[in-house]
Structures are given as structure tokens and as C-alpha cells.
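Letters A, B, C and D name the chains as they come in the text, with residue numbers starting at 1 for each one.
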């Protein structure tokens, strides 16, 4: 699918503040960036980072006063296959080395605390895709999507108890349950078509059958309309803005629309 | 039922240590102490405290070195009625003033965190006794009795996630769920007949239909064989030994046996 | 000192909600209520509770829709003595029985976690008043008064790490340090003269030398201008409004002014 | 320095259990492995992993029953320079991309919670090496080395409050303080000469002046006698054994001795 994505962020920094931003679509194997533009209204030149393996990009700079950060791209996100029940679960021995860290608990996804619960709830389901789909059903049945009950420091433990949260919280709990059953899982930030209201989306991926599968535990946006930004152990790794000191977000406008593909354009 | 109860505790205190002990059967309206004996192998005279309303007793002293604390009593614990589904739940306005604190969250029973879960799980069950019995069924179905997975600082939050614990943990989670549904609940320490291995038992009570009802969420000991010691908001209030500094428990032997009642004695 | 105090609270309840309110000045031995008035704009008759020992008062009712809760009183708060360094610390054996619970850790004041720190920091200071005054100095030197960094669920542990908070947080940490050194301490809600901006104030008391001493760890209001409302183990016990479900506070206006005493009145 | 290191671990696995072990000396640029041997008493062939950039090694296998895991190596750990006060602190813009994750909070090192404390305590000290050395002094002055007060789940928050811990806890708190002041820091597992009793050691590194500097916050072992095993965000990443299910460690014997270097050997 060809998608137009854009982010217009305005921040206020009361003193010169170092930041790392992850808002650019990843140059990952599963999507093609057809065109893009990044501009900051003020500040020094950007340091641009690209992770070789994943194609994920971040930029670093130091900002002061009121600053606009803007990004616009046209991305072909290809074919995003949907996880089916038959996707096979790997033994640890079969996993690529770089996947192993995603088996471990992390700050917001303390999967070691959930091993007994996950066993109780999901061991009767066939391993692999079927088990992950059962976890998504469980999340859907037991957690409410509610704004304002969680913060940037909310862990999967809290969400499990409180039974409510937003996309970040659903993903953290989904990752936690997967890891608790030995399934590698990681957090992913994305631009998402049809998300209402439009915003950066936090989803997650599991590694099964030799590849990562993108999942939206909130079921608020279709997988085939997602443009990948960054991935990591949990939300801390994929923040769209990491700043040295607190700063104030004055406005944030995200848009994602379907771009007419060439055939359609020609026909018109 | 007439019961012989005894506790023989041996502690080692590396320096003079102030302690408060709650090991004596309560002089509560629901039981009668037929005879009793309390002796400490060394140390100054005891300060004896009795709470007028509840008849609960504690003693204070300061101990040093190796000390034996011993208690023995014969108690008639009367008739302990079993909670039935029809016990009526009160509005706050109907509750005795002294019951109100048991509606509030406490350290090990943070019921305010569980309101959404409790509503989801138990609102479809009729209020009052039926709802509390449903909570006990839930605990029995979802939490394993396992030694060694919890400590004196384990909260109901942890037990809810970990799905395992001992009597203290079961009671904390039971209290938490009850309070989350507006049912006053409090922790109770007890001598319990038929508990294996014999130990102080941690159970809880809910206030319904004008009285407190004793419950054992572990289902390890019959309610009719319990002798009440102390009650409070959670385990911190009913510790059998509260000490100023850490001390070492060298041995602890609890026994509870049924005493022949007079009729039987006479017959023999 | 003679003080006029008033609270005008407006809440919105989306459904009929049971509440317990603690906004009335206590009928405690240390203050005299010269006149008072309590009125609620709608709702059923109030259940009025008074604790015999402390004179603390709460009322219960069930409210719906937009409701104003208003209280106005003239209180002579007598002489509030200031804690001096020589106030003597008691052995546990000397304490009145009803003071003992204030030695224990509670949810927001987990003093058992702070024993090593308190020993390190304060054992070199003489026990009793001097030690408590050293704790207040420590709080003043190490914690910033900052709005917005804490919530109703913030514990003394968080405040100790974050080094910032509001009156509730300062009091919780003060209580925690005192209990960690075996000094009974409890939370107190109050009307406070000269507090800017005017609000309910959260302070605390320690038990030394045979009596409770009122302390304001924020140093924002003078002790002699305080009117006592309620006391308890920590903030949960002294909330000015405990409600069954979440409700919305639309406005809250507190005023405390010095009332002209009779002599002055006559002179005018 | 040339060092003989060895680890003999015996575990009992009640069912077939997947494990990842990190006990081999790293093939890192700062040390040379002169000879080594790794043998497991039973189990399938090992999957061996080496991280290209760091030379860190792990092996994966699945074990059952009682199993011995043994490693023995002779390592020349070269020259380990000691951090001096003049080591320069980098702006984020100057850091190598792969160092950036070590600026972020992690589960056991939640540095975002400590920003105000770190600023209060260390902002008056010159940035860079001097500031890190001040942090080590602070740790030494304020935290006691005590066995048994912490577990594998203890965070830097707990250690900061409790003021006691073991090498893992000291390192977590050191890492946390460094990150809170914008200094990249990571956990390192090591074989350490002269550590008493001999054990795997948990130390940490900060990135200053264009390189990582190894530090032992417990001051129990000299930096120049350390052989690097693995590094990561915190202890979870450098566990010497990560296992799918709980397993029992029956024995663990670590030895580290100085090997005679060739010159000495020849001279003898």
C-alpha cells in the first residue's frame, strides 16, 4: 500500500536541550520510502543515525526555545502478511542471535513475573501463531481502551491489574505475555492508517516461523496500513522524542492517508 | 468447639529489642477462654494491652539473647456461622462507624487499584454473600498455594500477577477484591484446627448483614475450628511478633487439638 | 488564636455515589469550636460520625449530579506548643496503647524500608525532639516543594528518590523517617492560616514526652494557625473526600483568616 | 596481566530446559584469550554466539537432570587504564551511535527517576571523570555491602532507599546515577582477581573521552585484575545463566589466579 505520512511537532525548550528523535519511516526491508522530507525550524545541523540491520533511523540535535519538527514521506509499505495460527514457534536454539534479547524481560514488560499466569491461561492453546492470537483475544476481552489511566511510566504489571490503557499499554502487556511463553516480542512505533484520532501508534511484533509479525493489540488500525518507524524492547526504546530535560509539547499533528498508486493516477 | 491451642516460639535477639506480640486468643464476644497460660523464659515484666471493643490482646516487652515465648489455652470458640449467599451487603450509610476503615485500601491490600477488575469479574454476581463466595471461588481457581514465592512484603498486586502464594497472600487478595466492591474486609490471625503443617493461620473477615464473617480463602482449615487472635487492615497489623530490630526465629511450634467437651469427658 | 475557616467544594457525580467527608474541624481537646455551619446543596440526610477519643468528625451521604459541600466555622485553636529539642522519646513500654499503631509502616509511609537510612542519617543526633527537628531540617534541605510531580498514590519511597513533592509528600516522608526511628507519627489534615495558595493542608504529628506535637515539614504555615480536621496513618485515612466511584472536583475554595478576639472587637 | 580463570557450575533441571549461558571471556579488543576450554557434562551440541562488535560470547543449549558446566581459560587482559578526573564528558552529538542506548533508563536502572537527586548531589562537581569519581565516593559513603538484603529483582530504587546491597546492586545504582547525569553507563560481568569470596563479579562501565572505563563501585577487586565476560543495560542482559524455567544451582566454584607471564617463566 502506498501511504502519505506526516508529523508536525512543536516543542518548547526552556534551555538548550539535547534530543534524539525517532519519527522517520525506517529504511527496513519491508517498506520502501518513495520520497521524504525532514525539516526543523531552528537549531544546529542534525546528526543522522541509521541502524544497519534494521534500517531504523534517528536524528540527534540540541534545541532551544520554540521549535517545529516536521517530517513528510510517501512510503510503499509492501505486503504486510497477517499472523495465522499455524506460524511455528522456535526453540531458542533456532532463533537468530539478534532475536534473543527480545526473549528477556524489560522495564515495562517484566515477563518473568507473568510466567505462571501465562502458563495457566495459554498453555492449553497450541504454541506459535495460535497462542499469540489467543493472547490478542485475551487482551481484547480483558483490557479496556481508556485514555488517562496510564502514563509514560506505566508497566505491564499495572495494566494487567488495572485492566485499562492505551496502545502503549496494550502492546506492553502483549509483549509481556508473549515473552512469558518464550516467544520473542518487541515494541514497534508506527504511522497507522485509519487510527482515530491520528497519532503515533505503538504496536508490537512477535518472532515466529522465521520472521517478525506485526500486531495491533488494540485492533484500532489495520496492519496493512502501517509504516514502521522504530523497534525496541519496550516504549523507552522507541520514544519519538527522547530529551535530556523535560520539554513541553505545544502541538502534535500526525496524518496518514492512502496515496493513489500510479495505475490509479494514470487512470484518473 | 472446645480447642487446646499452644504456641512455643524461640527467638534470638542480638541486642535488647522492644517487641509487641499478638499470640493470645482474643477475649472476643465470639469465643470464651476457659484457661490460659503465657510465659516468657526471660526478660522484664510484660505490659499487657487489651482493646476494649474487640477483646484483642497484645503484650509488650524488651528481649535480649535467646528467649522462649510460650502460650497455651483452652478456648471454646462457640458457633462460627458460615457465610451464605444471602448475607446482605450494606450501604455505607448503614455501616457501624468502626467498620468504615475496612473499606479503605491499605499497604498490602491496595483495593483502589482493583476496582475495574473487580467490577468486570464480579458485578454480574448478586451483591453480598454470593459475591464474596464468588471471590473465594475465583481465588481457588486462579491462585496456587505455593510456599517460597512470597515474603512479608508481598502485596495483593504481586499475588494477583504471580498467581501463587500462602495463606497471608490469599487473604490479602481476598480482602482487596472485597474492598474493591465496597465490602468491608479485614485480616485476622488465628489458631486453626487441622491446618497442615500446623502454623499461625492468616484468614480474613467481611462485614455483611450486620456482622463479620470469618473466611479461609486457602480452604485449608475449617472455619469452625478457628480461634481468633487479632484483626487489622492487613498482615502488618496482626503480626504475631513486631520487633524494633530484626531478630531470628529459632523455632516455632504451634499445636491445635480438639478438647474433649465436658459431656464427653463425663461419659468416658 | 481565633480563626475563621471555610471550605466551599463543588463536585460532579455522574451516578449516585456514596461518600465520606472529613472537612469539619475536630472536637479535639486542643481546640474549641465557637460556631460552625455545614450545608450540602442537595442529597439525603447526612450520617454524622464522631470518634469519641479524638473528637474527629466525618459525615456520610450519597450524592448525585452537581453538588456543593460547604463548611464554615470559628475555632479557637488554643495554644499550640512548638516541639523543642528536649522532648523525650518513649520506650514502647511507656506509650499509650492507642499510640502503638503509629509505630507501624503504612501504605504511603513504608518505614520498614528506611531503617538503615534513618539510622545512618539520624542516629548521631540525640533521640526525641532533637532528632525529629533534625529530620525536618533534612527534609527542608533535600526535598523541593514542587507541584505536579506527585499524585494521590505517591509513596514516601518515590518522594525520597525524586526529592520533590507537595505537603502530602513532605508529611509522608517525615512520618516515615520518624517511624523508622521508633517515634510514633501520624498524618493530620488541617486548615492553615497563611498557607499560599489557600488549600487543605497535610501536616503530621509525632508522639514525644507524653503528647502529640504538630509539625509542618513544608514550613509553609505556622503551627499556631492550624485547625485540626482529622488524623490517621497516612493520607488515605484523612482524605477530605472518600468516594465510592471517581468524581470530578469542579471547584474548591478554602479560606482561613484570623478572627478578631473579643478584646479587639470591644476596642474597635 | 595474565590470568587463569575458571568456573565450575552444577545445576539441576527438573525437566528439559532451554538455557543461554554467558560465562566465557569476551573476545573483546581489550583482552586476549590465550587458551580456553568449555565442557558440559551432558546435553546436545551447543549453539555458539559471538557478537561481532563486542566479541561477547554466549552459548545456547537445552539441559535436563544434573549437569555440570565448566569453563577454563588463560586470558591476557592487557592494560586496563583507570578513570581519572579529567576524562571528558561528551555531548550526545559526539557519541557513537551504538553508545546511545546506554543513556536510557532500564528496568533495574531507572535513571529518569533520579534526575533531581543526581543534579542536587553532583552538579557542583566538574562533569566527566571527576563527576563519576564523585558518584563512586558517594556510593562508598552511603551504601553498605551486605549479603542477603537484595534479590535478582532488586532495582536501584530499592538499593537507594535501603542503603545496602551486593556488587550487582552497587553497579545498578552507579549506572543509574551516571545515566541520570547524561553519562552513558552499562553493566559488565567479569572474572575478578582477589575478589573474596571468589564469584562472578558485577561491575560497570561509563563512556567518557572516547572510550569505556571499567569501574568497581564495591572497591572489592582491582580493575587491572578483571576479565570481561559480557555487557548490557543491566543485570538481566549479563546473567551468566538465563533459563526457560527455574532451575537449581547445586554448586558454583569460580577461581581467578594470576598466571606467571612468559618473562617470569623464562627467568625462573
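Keep in mind that, in the parts below, a contact is a pair of C-beta atoms (placed from the backbone, for glycine too) under 8 Å apart; a residue touches a chain by one contact, two chains touch by 3 or more.
Nothing here was measured: the structure is a model prediction, and the numbers come from that model.
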Contact-graph separation of chain B and chain D, given in steps at minimum: 2
Chain B-chain C separation of Cα centroids, rounded to whole Å: 31
Between chain A and chain C, centroid-to-centroid distance (C-alpha), Å: 45
Averaged-CA centre spacing for the pair chain B and chain A, given as whole angstrom: 47
Numbers and ranges of chain C residues touching at least 2 other chains: none
Graph class of chain-chain contacts, one of line, ring, star, complete, other: ring
Every chain pair in contact, whichever chains are involved: A-B, A-D, B-C, C-D
Interfacial residue positions of chain D with respect to chain C in the complex: 113-114, 116-117, 120, 142, 144, 157-158, 160-164
Chain D-facing residues of chain A, complex: 18, 20, 47, 49, 51, 58, 60-62, 91-93, 97, 100-101, 103-107, 110, 112, 153, 182, 236-237, 242, 244
